[in-house]
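So that you can tell them apart, the chains are marked A, B and C in the order they are listed, and the count of residues begins at 1 in each.
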Amino acid sequence: MHSDRAPMGLKVAAGLGLAFMHLPILLIFVYAFTTEDKSYQWPPPGFTLKWFAVTWGRTDVWEAMSLSLKVASISTVIALFLGTLCAAAVSRTKFFGREAISLLVILPIALPGIITGISLRSAFNLAEIPFSFWTIVLGHATFCVVVVYNNAVARFRRVSGSLVEASMDLGANSFQTFRYVILPNISTALLAGGMLAFALSFDEVIVTTFTAGQQQTLPIWMLEELVRPRERPVTNVVAMVVVIVTFLPILGAYYLTRGTDTVAGQGK
Amino acid sequence: MSRHTNAAVSLSDLLWRRPNLLLLILILPPALWLGIIYLGSLFALLAQSFFSIDEFSGVIQYELTLKTYGELFRPANFDIIVRTVVMAGAVTIGAAVVGFPVAYYAARYARGKWKAIFYLGVMMPLWSSYLVKVYSWKLILAKEGILNWLFETLHLGWLLNAYLAIPIIGGNSLSVSSTGTFLVFLYVWIPFMILPIQASLERVPHTMLEASGDLGARPYQTFLHVLLPLALPGVIAGSIFTFSLTLGDYIIPQIVGSSRRFIGQAVYAYQGTAGNIPLAAAFAVVPIVLMAFYLWIAKRKGAFDAL
Amino acid sequence: MNSAIRFSGVSRHYGAVKAVDDVNLDIAEGEFFAMLGPSGSGKTTSLRLIAGFERPTAGEIHIYGEEAQSIPPYKRPVNTVFQDYALFPHLNVRDNVAYGLMVAGVGKKQRAKSADETLEMVALGAYGDRKPSELSGGQRQRVALARALVNKPKALLLDEPLGALDLKLREQMQEELKSLQRSLGITFIFVTHDQSEALSMADRVAVFNNGRIVQIGTPEDIYYRPQQPFVADFVGSSNVLPPEFVAKLTGKTAHGSLRPEAVHLSETGHAAQIKSVSFLGTATRVSMTIQGVAMTMLVPKGAVIPKAGDTATVSWADDDLHLMAVQ
């Protein structure tokens, strides 16, 4: 018989698995306060808040951060627009090419990021488009569409059946139906999708290395520091800040979609 | 209807009479964006893989040839492909082994508060910063880092050294060994394995397990003959992610690992400093072909239902 | 009486699938009309054609004299009660009921008042502030009804509205719907797969099969005078007798329909081999064969009940055997 108490071995294995997934990140928080600045010495010889002040004064960090925020905001807006339209179309009816469209949306995430990156770069080269803010956004919006799409499509399916028909039956035209029935029912899914798209864009590095040229987003700044460390403690502090900044939208998305049929992280 | 302009109403009438027009309006912007920007670029890349580079002048020759694909089979390049595929396979198996208990516990035993903790416990690492995750392992695996410290404190330093002496998987220290690369890959991609397994396990009705017990199966038999086969599509769905993501990554092996290259690094190097775009493109086609093959098999096994 | 809904050669094909195929139909104003048939027979599609959720691939639909094919649902003088009720989950009960008035531009006060009055009519006056998710199935059904009726439609379309309710509630709602229809005097068009529901409520019944109407008539017509074996079998599970057997009995070659309750045990008549016996409460159903033809009879409470394996003698009145033309 199936008992409702888990075997001890399973409990331990599941616990160890979770620990493996979380302890490394927590370690970053400890390192952000270390007094050691030349190596990754463990245990830290002492603790200090000094590096937060140092990081605060670094203009390169601020510039990278502000570029990342701008890129993530614009990409999220574009992804929201395209992802919502796509989800609306796919959930409405069966039509020729529907499978192709859903595949097309997922492809930028399903194929390794380096392929998306190098494809875009060679296309920019061929079309003689110089690297700019917009070349970064072009790439980010492309792979963010799927996040919005996945969050919206399940919700659209639920609304698009008899609720839309009921609305029209009661005298509402297409625009009224969208305004009074569809929008209120999909808004949390869209908000959640938007937050996740923001987190995804804010964090993206693989595609960005190919589309940024000389510009530095925060992840690119971090990558530089990882490959050629300059001031390790500053990297520690930035890493910790990045963890916190990306956690907030994820938590928000979780609370928005909790108890519904949408799984926030599907198809990252 | 008085509050709305007649134009809106007649447009609405038109959209009702022509549902395909509405569909077209909805689908056109995303289809154009993805079709032109994404597919267009992808084809531009694929096209370049059929060009070649002049070995002396370094100039790309725009003539269709399979010469560049032939280059992939030179021992140095072919080693890179084999190494990457082996690593992707190892990471996939490792993720399934470590991830299964977590998914199994979350799906079958966790209730209420614990359910939420497990859900967030998988979701948070999935969505937290990729680079920060990689960075945390640089801290862990460093010579003066926590892992070495742990082995020394437990007086097991000799064990670690013996392990590092093994060729291929060992190295001067963990942070420059294949084992290190493996650990980071495993850590970064494991949530992608857990979620589909959990989803497929949650779809197994409780009554089915009771039926198995009712028919005389012991718990381990139920697990082996009922639960595991039903979870398999989830494992395969998860493996699509872990396999694909490992195939294409170029940052992890660059930061943690030996100097031996992976496909992603080769692509990056050839398109960058070497300026050999055709060879880079041909290398990029390898993961696409491998994944197409993998997806084809996965589809036949019914893995897409678990996504 | 004037025509409320008229179908002239209406078809709705999806590629090779003929969901509705060349249907002709005339529903009178103020009529309680039932569309009866198994699932996939075209009854729901017909209702959706009236509501405007589907468009015919051929034929014409007239709603109160007006050609309706190119009129969108929101301009048709009909309202629908959906099978799953389709209540808006984000609105409370009052706003759900007031929805039609809101999109029509009725002022806030006025529409709240009308909504509350209509809720009063379906005995849910105190529930205006609840969310649909806080109501029972029966209450949701009433909200759906109120939401449609508040718009004063000329015809109310009901798509299996009682399907999700349990037996007792269903019987109670049947009574209520009937008296509601009588007091409002508007046309009710009611889709169901439950023959007893159709027979007990409707003025007229259309029986659907394979996208076509196989018979239209009063409940008595349908029940006692089926024109096709399908109708005899589907409505009240009549014994459908093969033409050869009927020829031996009557000399005419035709399908015969014989109600189980018309067959009874008797001194003289046909020798029957009893196959099985099931107790139904008010009666007992006996399955048997007569000259190789399978038949059932209903033995009322109190009568002698044969046992499986017995041989019995059964008979029926000649005019209970209803003949249907061979198709």
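The rule is simple: contacts are C-beta pairs under 8 Å (C-beta built on N, C-alpha and C of every residue); 3 or more make two chains touch, one makes a residue touch a chain.
Please read these numbers as outputs of a predicted model, since none were measured by experiment.
By count of C-beta pairs in contact, A-B exceeds the other of the chain pairs B-C and A-B. Ranked by how far their CA centres sit from the centre of subunit B, the chains are topped by C.
For the pair subunit A and subunit C, the distance between C-alpha centroids works out to 52 Å. Centre-to-centre separation between subunit B and subunit C, using Cα means, comes to 54 Å.
Taking each chain's centre as the average of its CA atoms, subunit A and subunit B sit 16 Å apart.
Looking at subunit C, residues 52, 72-75, 104 sit in touch with two or more other chains. Shared interface positions of subunit A, i.e. residues touching 2 or more other chains, are given as 168, 173, 176. With touch defined as above, residues shared between interfaces to two or more other chains in subunit B number as follows: 12-13, 16. Those residues of subunit C that touch subunit A in the shared complex are 51-53, 72-75, 78-80, 82-84, 86-90, 99-100, 102-104, 147-148, 151. On subunit C, the positions that touch subunit B within their shared complex are 52, 70, 72-75, 104-105. Residues 1-6, 10-11, 13-14, 17-18, 20-22, 24-25, 27-28, 31, 39-43, 81-83, 85-86, 88-89, 92-93, 95, 101, 104-105, 107-108, 110-116, 118-123, 126, 138, 141-142, 145, 168, 173-176, 196, 199-200, 203-206, 219, 222-223, 226-227, 235, 239, 242-243, 246-247, 250-251, 254, 263-268 of subunit A are the ones touching subunit B in the complex.
Residues 161-163, 165-173, 176, 180-181, 184-185 of subunit A are the ones that touch subunit C when the two sit in their complex.
By the touch criterion stated above, subunit B contacts subunit A in their complex at residues 4, 8-9, 11-13, 15-16, 19-20, 22-23, 26-27, 29-31, 33-35, 37-42, 44-45, 48, 98-99, 101-102, 104-106, 108-109, 118-140, 142, 144-146, 149, 187, 190-192, 194-195, 199, 206, 209-210, 212-214, 219, 222, 240, 244-245, 247-251, 254-255, 264, 267-268, 271, 277, 280-281, 284, 287-288, 291, 307.
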